[in-house]
Amino acid sequence: MTSKPTHLDDSGAAHMVDVGAKPATERRAVAGGRIAMSADALAAIRSGNAPKGDILSTARIAGIMAAKRTAELIPLCHPIALTSVAVDFAWEEDGISVRAAAATTGPTGVEMEALTAASVALLTLYDMAKALDRAMLIGDIRLLEKSGGRSGDWRAE
Amino acid sequence: MTSKPTHLDDSGAAHMVDVGAKPATERRAVAGGRIAMSADALAAIRSGNAPKGDILSTARIAGIMAAKRTAELIPLCHPIALTSVAVDFAWEEDGISVRAAAATTGPTGVEMEALTAASVALLTLYDMAKALDRAMLIGDIRLLEKSGGRSGDWRAE
Amino acid sequence: MTSKPTHLDDSGAAHMVDVGAKPATERRAVAGGRIAMSADALAAIRSGNAPKGDILSTARIAGIMAAKRTAELIPLCHPIALTSVAVDFAWEEDGISVRAAAATTGPTGVEMEALTAASVALLTLYDMAKALDRAMLIGDIRLLEKSGGRSGDWRAE
Amino acid sequence: MTSKPTHLDDSGAAHMVDVGAKPATERRAVAGGRIAMSADALAAIRSGNAPKGDILSTARIAGIMAAKRTAELIPLCHPIALTSVAVDFAWEEDGISVRAAAATTGPTGVEMEALTAASVALLTLYDMAKALDRAMLIGDIRLLEKSGGRSGDWRAE
Amino acid sequence: MTSKPTHLDDSGAAHMVDVGAKPATERRAVAGGRIAMSADALAAIRSGNAPKGDILSTARIAGIMAAKRTAELIPLCHPIALTSVAVDFAWEEDGISVRAAAATTGPTGVEMEALTAASVALLTLYDMAKALDRAMLIGDIRLLEKSGGRSGDWRAE
Amino acid sequence: MTSKPTHLDDSGAAHMVDVGAKPATERRAVAGGRIAMSADALAAIRSGNAPKGDILSTARIAGIMAAKRTAELIPLCHPIALTSVAVDFAWEEDGISVRAAAATTGPTGVEMEALTAASVALLTLYDMAKALDRAMLIGDIRLLEKSGGRSGDWRAE
C-alpha cells in the first residue's frame, strides 16, 4: 500500500500513471454489489424476468458493455484489452445482487472494469424498476477479489 | 406506481418506452451516494486534494461527463438534452459523499442521469484511492429528489 | 424524390444538410432484415434461446443501443432525440428475421436509426452464431415504412 | 465447428468468452456486401462521386471508423487493436458492392470488424441516397475469407 | 461580457451551466483555423487529393463527426441537437485553411461545435501528412462569427 | 520522410495503414499549444483557478480523456493502448500554454494522441473563458518531440 494517491504527480496534478515499464501478466478481478427494493417491485421484476423476459439479460449486457468503456468513463484509467467479462445476478430476499468478473493480459489491473460492470448493471436494474419503486438503494459495491500483478492476489474478508 | 416493469412489452421483450406523446416539461433530479474508506486512505486523499490537487475536480468532471453519456450506458434510457449538471462532494468521517443534480426540459425524467453521475464520480474516487485501500465500499446510491413530469415531485424520506 | 444527393453541396463536398427550417413533427420508421444460417446453427441458436438463454435479448439490446448511436456512426446523420425504439425477431425456416421501429419528434426522419438498429441486431446474431456457421448471410435490410415529415407516409411494396 | 453458442455459459447467460489463454497470432478477415438501388439513384450517386465528390470517401471513412468501434456495438465482442482496415467499393449494374478487410495481431479474430465496416459503409451509402430512392436494399453481407487463429484459414465458396 | 468564468459555481467548482430558462433560438457559429506545412508536404497532399484522392474528404468527415461529439469531449458543454454542419478547406501558399460552420435551434450556442470541427479537421490533415513533415504547425483556431442568443451577433475583426 | 501520403492506397483511397509487421516498441510523444486571450479574461481565469477552482483541472482531464479517444476522432489512426498521458499548463503573459505527453508500447506512434490531448485541453479552456472573450486565439499546436519506432527520435527545433 502506497501512502499517497498515485494518480497525482508531485505538484498534485492528475495524470494517467505510466505503466509502460510493468510487465504484461494475466490479471483478474471480481466485484460485487446489490440493489435493494420493495417487495412489490422485486416481485414485478421477477415476474418480468419469467421465461422470455429480458430484465436480467438487459442488465447483464449493459454491465458487459460498460466494462469495455471503463477507460472512457474513469478519467485516469488505462485502455485495456479485456479478454473476458461475465456478469451474474442472484435473487435476494429484498433485492438483487450482482457479481462481475473481468480479465486481461496486460500491465495494469482490471478492478475498475469489474466495478464499472457491476455499477452499470445495477443502474440498469434501477432504470427498469424505477416506475415501481423510487426509493431503491444501490450499495455494497466493492472489490471481491483480484489476482495478477506485482501486488499479488487479494480477497475481501 | 405501476405494477409491472414498463421497459418490457407484453411479450416480455425489452424496449425503449415510447415517450413521444408526453409533453416536454422541466425536470430535475438529485441523486446521492458515498464511498467509505480507511482513515489512512481518506487522509491521503484529502491531502491530495490540497490546493492545486486534482482529486475532487477529477471525480466531479467524470461525473458530469458520465451524466451526458447515460443513454449510451443504460440500454433503455432515452437520449436527453441535459440543461444542467452539477456534482458536489462532502468530506465525511469515514469517506466522501457525493450529490449529483441534473435537469432537462423534455418528455422524460433525469433520475438516471443524476444516478449515473453519482456512480461514476464515486468510481473515479475509488480509482484514485485504490492503491491506498482495496476494501473501499461504495453505497447509498439513491434518488434524493425529483421534480417535473406527470408523477410530480418526490423526495426521499 | 430529388434528383441529386442532398448530402453534397454544389461543389460536391459532403455536409450535414441544414434542417433548421424544418418543423418538428412526429416521425416513425420501421426497418427489416434477416440472417440466413445452416439448420444446425439455427437449431443451436434456438436452443440457446430457451428459457433463461440470452441470444435474442442480447441482439435486441444491441440493436436498441445502436439506434441511439446512429449519428456517431453515419457521418452525415443528425443527432436525434429518439422517443422510442423497439426491435423484434421472428424465427424463420432458415434463419431469423428482425424488425426495428424508431420514433422521434423532430425536424428529420428516423429511417437511419431503424436501419442501424436492424443491422447491428443482425451483426450481433452473427457474432453469437459464428462459431457454428461461418457462411451465414445477412440481407434484406430495407426500410419497411415511414411516417411524418414533408414527404409523408411511405410503405414498401 | 462447435455445436452450441460459445457466447452463452452453461446456464444460458451471455458472457464475453475468455480468450486469455489463446495465443496472439496475426488474423485477417474480409467481408462483403452490396446495396441495390434504382437506376436513377445510382446515376445520381455516380455523378455525385465525380471528381471532388465525396460519396464513396464518406462511406469509406464511415466503414473504417465503425470497424474501430465494433466492440462498442456488438455486446460480446472483445476490444481489438486493429492493425489495418481497408474498405473498397465497386460499381455494379444495379448498385454498389463493398469489400472490407481488417487485421490484427491478437487472441481473437476480426470477422466482426470486417462485417461491421461493410455494414456501416452500406448504411452510409443508403443515407446519402435515401432522398433519391427509399426502396434500396442492403444485402449479401457475409464473410468472404479469414485467416489466422486455431481454426485456420477459411474462404467462402 | 461577464467578469468571471461562468463554468464555476461560487465555490470555484466546475459545473454545467443551467440553460433551462434560456429560450430556444436559432444559433449559428463559424470557426476557422489553418495548418502550415513544408512545400514538399503540401505538394504531396495536393496530389493525394487529386481526383479520387481522399485527403480533404477524410478531414471534412472527421470534422463533421467531431462536431457531433463536442459534448463528449468538452466537459462542460451541453449536448446539442445540431441542425447543420459544414467544413470547407482552402489551399494556401504554405498550408491549408479550414472553415467550419455549425447551427442549432436551442438554448445555447454552437461556438464549441464549430471550433471542435475545425480542430479535428486540422488534426486529421496533420495525421495524413505527418510522415511527410513532422514540423507542421496548427494555428489560427478562432471563432469567426456567431449569431443568435441573448448576446446577439458577433463577428471577428 | 516519404514522398506521398501513406494514408492513401495506390488508387488514392484512404485506408488505415497496415502496421501488423511493425514491432512493438516503446514510443513517446510530446505536443504543445497555446491559447491567447485578453488580459481581463486571463485574470478572471487565473482567479477562477485559485485554490479549489477547477479551471486547469477541467482542461487537464479533458485533454487526458481525449487522448484515449484519438482513434475515434481521427479516422485513420490506429487504436492504441496508451500507457501514460500527462497534460500540463503554464501561465503566460497573454494566455496559457499546454504541453501534453503520451506513451505506449506498440507498433505505431503516439503523436496524434499528444496533439489531440493538447487541442482538446485548449478547446476546454476556450469553452470556460468564452463568455469573457470571444476573440481568443488557439495556436502553436505542434509536435515538440517523439521517440521510439523505426524513424527514431525527433525534436522540434
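Structure notes:
Which chain is which? They are A, B, C, D, E and F, in the order written, and residues in each are numbered from 1.
The criterion applied here is as follows: contacts are C-beta pairs under 8 Å (C-beta built on N, C-alpha and C of every residue); 3 or more make two chains touch, one makes a residue touch a chain.
Keep in mind the model is a prediction, meaning the values are calculated, not measured.
Each chain gets a centre from the mean of its Cα atoms; the one farthest from the centre of chain C is F.
Taking each chain's centre as the average of its CA atoms, chain A and chain E sit 36 Å apart.
With each centre defined as the average position of its C-alpha atoms, the distance from chain D to chain E rounds to 30 Å. With centres taken as mean Cα positions, chain D sits 30 Å from chain A.
With touch defined as above, residues shared between interfaces to two or more other chains in chain D number as follows: 13-14, 51-52, 54, 57-58, 60-62, 65, 69, 72, 75-76, 79-81. Going by the touch rule set out above, the chain pairs that meet are A-B, A-C, A-D, A-F, B-C, B-E, B-F, C-D, C-E, D-E, D-F, E-F. Only residues 9, 13-20, 71-72, 75-76, 78-81, 106-107 of chain D touch chain A when the two sit together in their complex. Those residues of chain C that touch chain B in the complex are listed here as 26, 57, 60-61, 64-65, 68-69, 79-88, 103-105.
Looking at the complex, you find that chain A touches chain C at residues 51-52, 54, 57-58, 60-62, 65. Contact residues on chain E toward chain F in their complex (touch as defined above): 1-8, 11-14, 33, 40, 44-45, 47-48, 50-55, 57-58, 61-62, 65-66, 69, 72-77, 111-112, 115-116, 119-120, 122-124, 126-143, 146, 154, 156-157.
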